[in-house]
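Each chain carries a letter (A, B, C, D and E) given by its place in the written order, and its residues are counted from 1.
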Amino acid sequence: MTQQHSGEVLLAVNNLKTYFNTDDGVVRSVDGVTFHIKKGETLAVVGESGSGKSVTSLTVMRLIPMPPGQIAGGEILFTGKDGVQKNLVNVSEAEMRKIRGNDISMIFQEPMTSLNPVYTVGDQIAEAVMLHQGKTRKEAMDVATDMLRFVGIPAPEKRVHEYPHQMSGGMRQRVMIAMALSCKPALLIADEPTTALDVTIQAQILDLMRNLQKEVGMSILFITHNLGVVAEMADRVVVMYGGRVVEEGDVIEIFKAPRHPYTMGLLNSIPRPSEEEHAHVPGQPKKRLEAIPGNVPNPLTLPPGCTFEPRCKFALPQCSQGVPALEDTGGGHMARCIRWREFEAASPDRAHAVQHIGPGGEVNA
Amino acid sequence: MTTVTSTQTEKTNHAQSQWQVAWKQFRRNRLAQWGALGLILLYLSALFAPFLAQDSLSSYSTDNLVPNHPPTPIHWRDPAGEVSGPFVYRYTQQLNLDTFVNEYKPSDEKCPVRFFAKGDPYKLFGIIPMDRHLFGTENAECKVYLMGGDNLGRDFFTRIMYASQISLTIGVAAVFISYIIGAIMGSLAAFFGGWVDNVIMRLVEVLASIPDLFLIILLVALFPPNVNPLVRLYIVLGMLAFINWGGVARTVRGQLLAEREKDHVMAASALGASNGRVMFRHMLPSMTTLFIVNLSIAIPASILTESGLSFLGIGAVEPYASWGSLLNKAQEGGFSSFTDRPWVLIPGFFIVFTVLCWQLVGDGLRDAFDPRKRR
Amino acid sequence: MTTGPLLNSGPQTVPVAASRQNLLEVNNLQKYFPIRGGLMSRVVANVKAVNDVTFTVGKGEVVGLIGESGSGKTTAGRALLRLIEPTGGQVIFDGTDITRLSKPQMRDYRRQMQIIFQDPFASLNPRMTVSDIIGEAMQIHKLHPGKQRVDRIAELLQRVGLRPEHMGRYPHEFSGGQRQRIGIARALAVDPSFIVADEPVSALDVSIQAQVVNLIQDLQEELGLTVLFIAHDLHVVEYICDRMIVMYLGRIMEIAPSRELNRNPKHPYTEALLSASPIPDPTIKRQRIILEGDIPSPINPPSGCVFRTRCRYAIADCANIVPELREVAPDHFKACIRDDIL
Amino acid sequence: MLPFIIKRILASIPVLLLSSALIFFIIQAAPGDFLTPLKLSPVDTSAQVAALTKQFGLDKPVWQQYFIWLGNMLTGNLGLSFAYQQPVADIAFPRILNSIWLVLLNLVLFYPIAIALGVYGAVRQYSFGDKLSSVILYFLLGFPSFFLALIVIFLVLQVRFATGWDIPLNGMYSDNHDSLSAFGKFWDYLSHMLLPALVLTLISLAGFTRVLRGLMLDQLNADYVRTARSKGLSHNRVIYKHALRNAILPFVAGIGGLLPGLISGAGFVEVVFAYPGITPMLLNAITTQDLYLIAGFNMVTLFLLLIGNALSDILLAVVDPRIKYA
Amino acid sequence: DFVYPQAWSADPAASAKTGGELRTYTLSDFKTLNPFVSKEAESLPNSYFNLGAYLFTQDPRNDKFIPVMAASMPTVSNNGKRFVVKIRQGMKFSDGQAITADDWVSTLAIHKDDKVGSNSYDSFFINKKPVTVKKLDTYTLQFDFPTVDVSAYSKMSYTPWPDHVFGKAYRSGGAAAVTKLWPLNTPGSNIVVPGAWTLESFQAGQRVVLKKNTRFGEWNKDSAGKALPYLDRLSFRVIENQNAALAAYLAGQIDTFGPRNADDLAQIKRAIDGGNLKAELFANVGPQATSTWVVWNWNKSGDPFKQKIFRDVRFRRAMSHIANRKAMVQLTLGGLGTEVYSSVYPIFKNYTYASTPKYSYDLDQARKLLAQMGFTKKDKDGWLVDAQGRRLEFTLNTNSGNTVREQQGRIFADEAKKVGVKINFNPIDFNNLVDLMYEKGENRKFDSILLGFSGGTNYWPYSSNTVTCGGSLHAYNNPTNGACLTSQEQLITKLFNQGQQTLDDTKRRAIGEQLSKAMAELQPFVYLAGSNYHVSFNSRLGGEMPRNLWDAYYGSRLNVLTYIK
């Protein structure tokens, strides 16, 4: 999975803040998010529901409804097809429209509702082609047919004239992908593209995306909360919690040597059938999953310090004092925890070993 | 056992029922609040109509004929410039045979305006006998015509106040009745299904296929001729209700069928709840919001229908009046109602205002109960 | 290799869990949803949501029911509780065929059989407080009258990891995981012996999923509950289930003990399902079996083996023979005519 | 599609019979009949009343009259109007046509305004303009139609006096209509219908606009709108091509109701404007108990309702590809 | 032969211009073109196609019948029951065919066929015996009446319809063939008329244009010898709403308008004064031939107490005393109306007499009369009761939707309250009301009804069905056998029949005086008030009658003498 990338940064998000003014107060959905994507690379963003994954991606697309939304700060530096770097926070709406669908495309979680039910899929694909590439309707329809073929839809000449409701969920997601790729974007943002699909269909789609990326060479910002999918798709991973990036790093680093308690908790709370000790042997007491206690924080009443502090079993009193910095733990691996060094020391590559670090205490290794 | 307890302490001031949430939303809607205020004032004044009005429903003099008396200015200074209590002059009327317009001239006779003046006896709320009115001159020949008079010389303000009792209640009552009928029929259809459903729904279609107004006109003629005008009004009300229940039944049926599929309803049956319990505890309550919102939109519609009936002479008849029937009199007067006695148009603006208020409130309620807005 | 009849109509051999006594026996359960149309709203077709499903659940056992969306899991779960009337077949609960019971008789059985729903938002009446929701069951069955009831509700809340103060609140004030706990408390309120858990964690966040799975597991062990755990994620259920049933298009494909099923799937569908679930380990590389196409319509299921249209091992016979559920290893059943694979 | 429509129409036959019977029996149950006013004539008319009663079949039992009428109906004959002594179809049809023109013009005015306002209200939710337009719409909604019509006539008369412009006040065309050119004729019709159509539009605007606004709000939050935006489409294109098209769908389903609405909808406005539509004729027929005219008209309405429903099914299938007919 | 006298027009015949169009309106759509089918008072065939085509007509100067189509007044024989009429020669239908005796004969035959359902059917039967006509020769007719009849001239003056159209159809296809003729979509060229106007175009519900029948002008001339009518066209807008009609008149779109009340007058006056309308306005030209009244039901065997009261003449006189007619005129008719005390409307000046008693507004008198009946005490609510404590109370119905009647009833009830009579005033549906009143029997349902009649003739303003016992509108006393209850009723019936059979005007007027007195004393109907007749027309019209001839009976102008200035 780890390909050799040119190392050129396509998108750099620095200290991005997106707030929503609601009746009950200001929701800081994205509160100082920083990350970057290189050309041709797949960056996965994981995190719990409400952690700000979608808002981050929508902010990059400048599709946040304003009001109530508001970009409260930060920058989004993007180098488009024309090679000019722009700060997407500042560009005009007209310019942004040229970027959307052309330089950056997006596919969404709900394939069932993300397509307009009253237009044929061909129309919907051709629409963007006509807009961005100045093609005639007929040419654009040909492009649409080609794109459908490209994403593996059988009999595309026929399907191009069909309506979304005539297709299954997996097919619709393929149509979405075809639409997103129709203008050969430099960056594809995929917001949980397989969450609503069955595993067998999910496998089809993930397979498709991987193949397409190889062919087209675009970068992918892949948003999900399924760690299995992350493991399969990503080159690098950004872990978000409570509107902030809590950890960032190479996919293997993140899975093998997490430096943030939330990442560790997440990894522990999912079943790993491949690992012997997890499996249940008849006759013996069943094994248990390790759960992160507590609830996802209410975005209106985020804790003042580390947002994970109330659920963190390693929390120290100082954790609630101030927001910990996102520190580089070496090799581009970043973590937002004041105790990351202890975790690193305790276990160079196994998250599970960290269990013997006492709650709020010293490492008793 | 080791249960995972949620360690996070939630704020406890969040205990809000959906009513409280709705109320909070409603409170935010300025226009709706103005509408609600307007309605409260209207209904209060209707409740106290006999007290607010200076006369009884149909009070005029046949000695001193004052058809279409204009509004009388209330004076505070007598001609000498001295400040006195409020008073009005008595007016005399003359039909100008050149222009055919009634001309009114003030006479010298001053009639002091008193508050809590004695006047025609009435029963407040239909029970408390009283004879005090908010204001009045205690002189039948020399009244305060706040909003002018009608062609018999009856105080128009008084008529409007009494008319408000009919106009404001007939719409509400008709809608309530039609909702009750509709809810019952709709529930029966949804609950029993099969031929019951079929018959009820066909009936609804039949009712819907005949234009409303014609149906009412036809139906009203069916009823016994020699009934008291008030009973007649109730009959009209019943007819109004009768033609409208179809739509309600259809909605209720649809909603109930949808509701039946909901998980929490299924959960109740899984617990072994009886059909009645499922119906009344789990299915019908979910319709309260739908009802509240629809009611607030149906009521103004039926107020308008009533005025349409008055236009056809089917609404309130002498001595009773509704805003619609008063307005119809203005309509019969044609352009003279505009040029010679514009005050007869006032009932029209009461209708407009009431409908406006109801609509604003309806809008506010719809937004307040809108699940999209609840978080 | 079986050369069975063209259509399998006779009763299947009932696969019995080796050593346990059965609490629940489901025989040839069928649920068809009629599609009405035409002038007199005649039945023009049937959605064969559950078709000839036969399995058992032993006392105290946790059985997983897995399959893709639309495979009939929910329908099977509800039909065997008679929340929807089954079209055919038998459900024998504790020795009684409950499909023959009258409605009032059935009401008593409801105490013993409960259900937890997938959607924690829709399954709680938004107009009732938590204590109303949990108390309703006791009210219906006249359990714990008077003051005791409040105590019992508080106890239940604590048991599922909520606090008694939550009693007066409304569902919308809780997070998804908490609501699911309320749903569990409601099911427990009548002291059932059998619970159908219909995808209770699918709608929850990853970090919360584990909490709820653990909770159900604890309750099951402590109270000796028998559970039919419906899920679509193989990995999650493996933890909690003793045995698993794999469904596809209204039919059972395979039944086996969890570990056995995971390691040693005998049915091509199970094999594909397993290989399709991504493994959260970036270092592991696997050869994926990617199923072509989509799950067919249950109105017109393929003839013979319903899976044959997507099966890479399909042979001509698959279109003619409805495969029986056969025991291919101890306690391991599969519905596939080919023994030469896997 | 065609079999589906035929089935629908067949299924409506019971409704057709029931509602005609309902109308028939209600009229019959009410006191008086077509000849009642004749009885009031100071000249002795009893012999004539008796003769006419017989001639019109008013002496037969109600159910017999109904079946006679129904029998005629089946042969496509709506019966004779008592008052006109002419086939109901012949006299009602031109009036219905007039009403249809009026309501059509109303719709031509109504939809653009209502859609524009509805979309505006949704896009600029809670803005000052949104609030102002809703207050104005509700204000207009509150006017009983006959009242607003009279106000409009009065105002136009004043304008006429003040400016001398020949603004039509009533009727459907001018006296010199026949001598006009084709375009002149068209304009003549239009100018006569404009005011009543406008009154109709004003009073009915609120309902549709507010509902459309709500539906638009739903659609604007829909996922596919987000998709459309993410393709880089312009604001207007997203709103009018994508969102509006979906928001309008529920109304397409209601278009069937428009047809009978077309012929019975203009109501009191026709009366006050002395417009030769069907309402004045029908009100007249009801007061004079012109039985066959009323029942016949009702049948026409019903037929139109049926055709309308079938039509909206077809239309809905055209605009909403999700609809399929078994 | 008849020539339209100069005296019928205020303008000299020489000044009249030929041509132009008179634009007028109709409040209710014309419903038919067939003269035998039409049921309305005003219809195209019976008001316009036949205009000027009758044997005799009344001269507005003296109310006398004069020959029009007749060559001269008839020869009367058989004690006034036989009339031999010579008709003019040279008269033609619009299709050019001569009008001859055959046309009268076949027309009457059709009218008298009950299967046709002609509106004139009744007028050709007197006491169920038919009026007959015989053709003596092509230009001579002989009418035979079963009895002497005051309206003989009027009855003979029916319009002859072309025998070659209607007669032919009748002979071949009977009544059905006749009623099928001339449906609304008949083209004007197929209409054959004897009168001044024929059809040009017909747009149902919108506009009707009539054009001059040029053949009519061949036998109808003005005093200067010019062919009539002067106008080329007569157009009607159908404006089924009074306010809309007024608006059209004010806007100058129509030439004539019948103002109903002070409101209409004020609007017209305002428009004239404001220079927006050039029109003439004459208010209060005279009373209309109409009045409202209250009637009590004498046949209430189910409620002997009420029956006794209603049958008591003192009660009815008392009721007349409480009728505040002045207030009714002022308040309900806007001051422009006439108080009415008798069944003869004030417009029929020849039949109103000083000797007829009036029971005018006088509450004291009413109290006195009621006291005589035993109503001396009042109960705790202030209502009059008799010695047994029975309340003087009854219901008064009128038709709802008629504001004038509703308010007159209100005033009536409110005045009654002042003397302690409780009237439950209750407006009800019109059809219900008529059914109540029309009912025959010993125990009829209603107590009292407020309604109005209109119409009548100026040579004998009584009609048998209201005046004579057994008449269908003898609403106060209508038992099953139709017998009179009191001697006064018998007297009234007798006087009516006498008058009805008296051809001599002076003698008839004398009988009328007795009849009027008898009726007034009995007060079976208590008459209230009637509106006044106003005239307004656009100044471009000429040819109206001299001002002194105007009244609600004859109107203000003759259609054929009207011209555009």
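Convention: contacts are C-beta pairs under 8 Å (C-beta built on N, C-alpha and C of every residue); 3 or more make two chains touch, one makes a residue touch a chain.
Just so it is clear, the structure is predicted and the values come from calculations on it, not from any experiment.
K.L.:
How many steps does it take, at the fewest, to get from chain B to chain C if each step moves to a chain that touches the one before?
P.N.:
Minimal hop count between chain B and chain C: 1.
K.L.:
On a CA-centroid basis, which chain has its centre farthest from chain E's?
P.N.:
The chain farthest from chain E, judged by C-alpha centres, is A.
K.L.:
Comparing chain centres built from Cα atoms against the global Cα centre, which chain wins on proximity?
P.N.:
Chain closest to the assembly's C-alpha mean: D.
K.L.:
Using Cα averages as centroids, what's the distance between chain B and chain D in whole Å?
P.N.:
27
K.L.:
Can you give the whole-Å distance between the Cα centres of chain A and chain B?
P.N.:
57
K.L.:
Between chain A and chain C, what's the gap in Å when you average each chain's C-alpha atoms?
P.N.:
Taking the average C-alpha coordinate of chain A and of chain C, the gap between them is 32 Å.
K.L.:
So, what's the distance in Å between the C-alpha centres of chain E and chain B?
P.N.:
44
K.L.:
Pull out every residue in chain D that's touching 2 or more other chains.
P.N.:
Each of 30-31, 150, 157 in chain D touches at least two other chains.
K.L.:
Mind pulling the chain B residues that touch 2 or more other chains?
P.N.:
In chain B, residues 4-6, 221, 225, 312, 331, 334-335 touch at least two other chains, as defined above.
K.L.:
Listing for chain C: what residues touch at least two other chains?
P.N.:
Correct list: 178, 211, 214.
K.L.:
If you look only at chain E, which of its residues touch chain B in the complex?
P.N.:
Spelled out, the residues of chain E in touch with chain B are 242-243, 246-247, 250, 262-267, 269-270, 273, 283-284, 324, 326-327, 330-332, 334-336, 395, 397, 400-403, 406-407, 409-411, 414-415, 424-429, 431-433, 435-436, 445-446.
K.L.:
Can you check the complex and tell me which residues of chain D touch chain B?
P.N.:
12, 14-15, 18-19, 22-23, 26-27, 29-31, 131, 134-135, 138-139, 141-147, 150-151, 154, 157, 206, 210, 214, 218, 221, 260, 264, 267-268, 282-283, 286, 294, 298, 301-302, 305
K.L.:
For chain A, which residues count as touching chain C in their complex?
P.N.:
1, 48-49, 168-171, 198-204, 206-207, 225-232, 234, 251-252, 255-256, 265-267, 269-274, 278-282, 286-293, 295-296
K.L.:
Applying the document's contact rule, which stretches of chain B touch chain C when the two form their complex?
P.N.:
Answer in residue numbers: 1-6, 12, 14-18, 262-264, 266-274, 277, 281-282, 285-286, 374.
K.L.:
Under the touch definition given earlier, write down the residues of chain C that touch chain A in their complex.
P.N.:
68-69, 175, 177-178, 205-211, 213-214, 217, 221, 232-236, 238-242, 257-259, 262, 272-273, 275-284, 288, 290-291, 294-295
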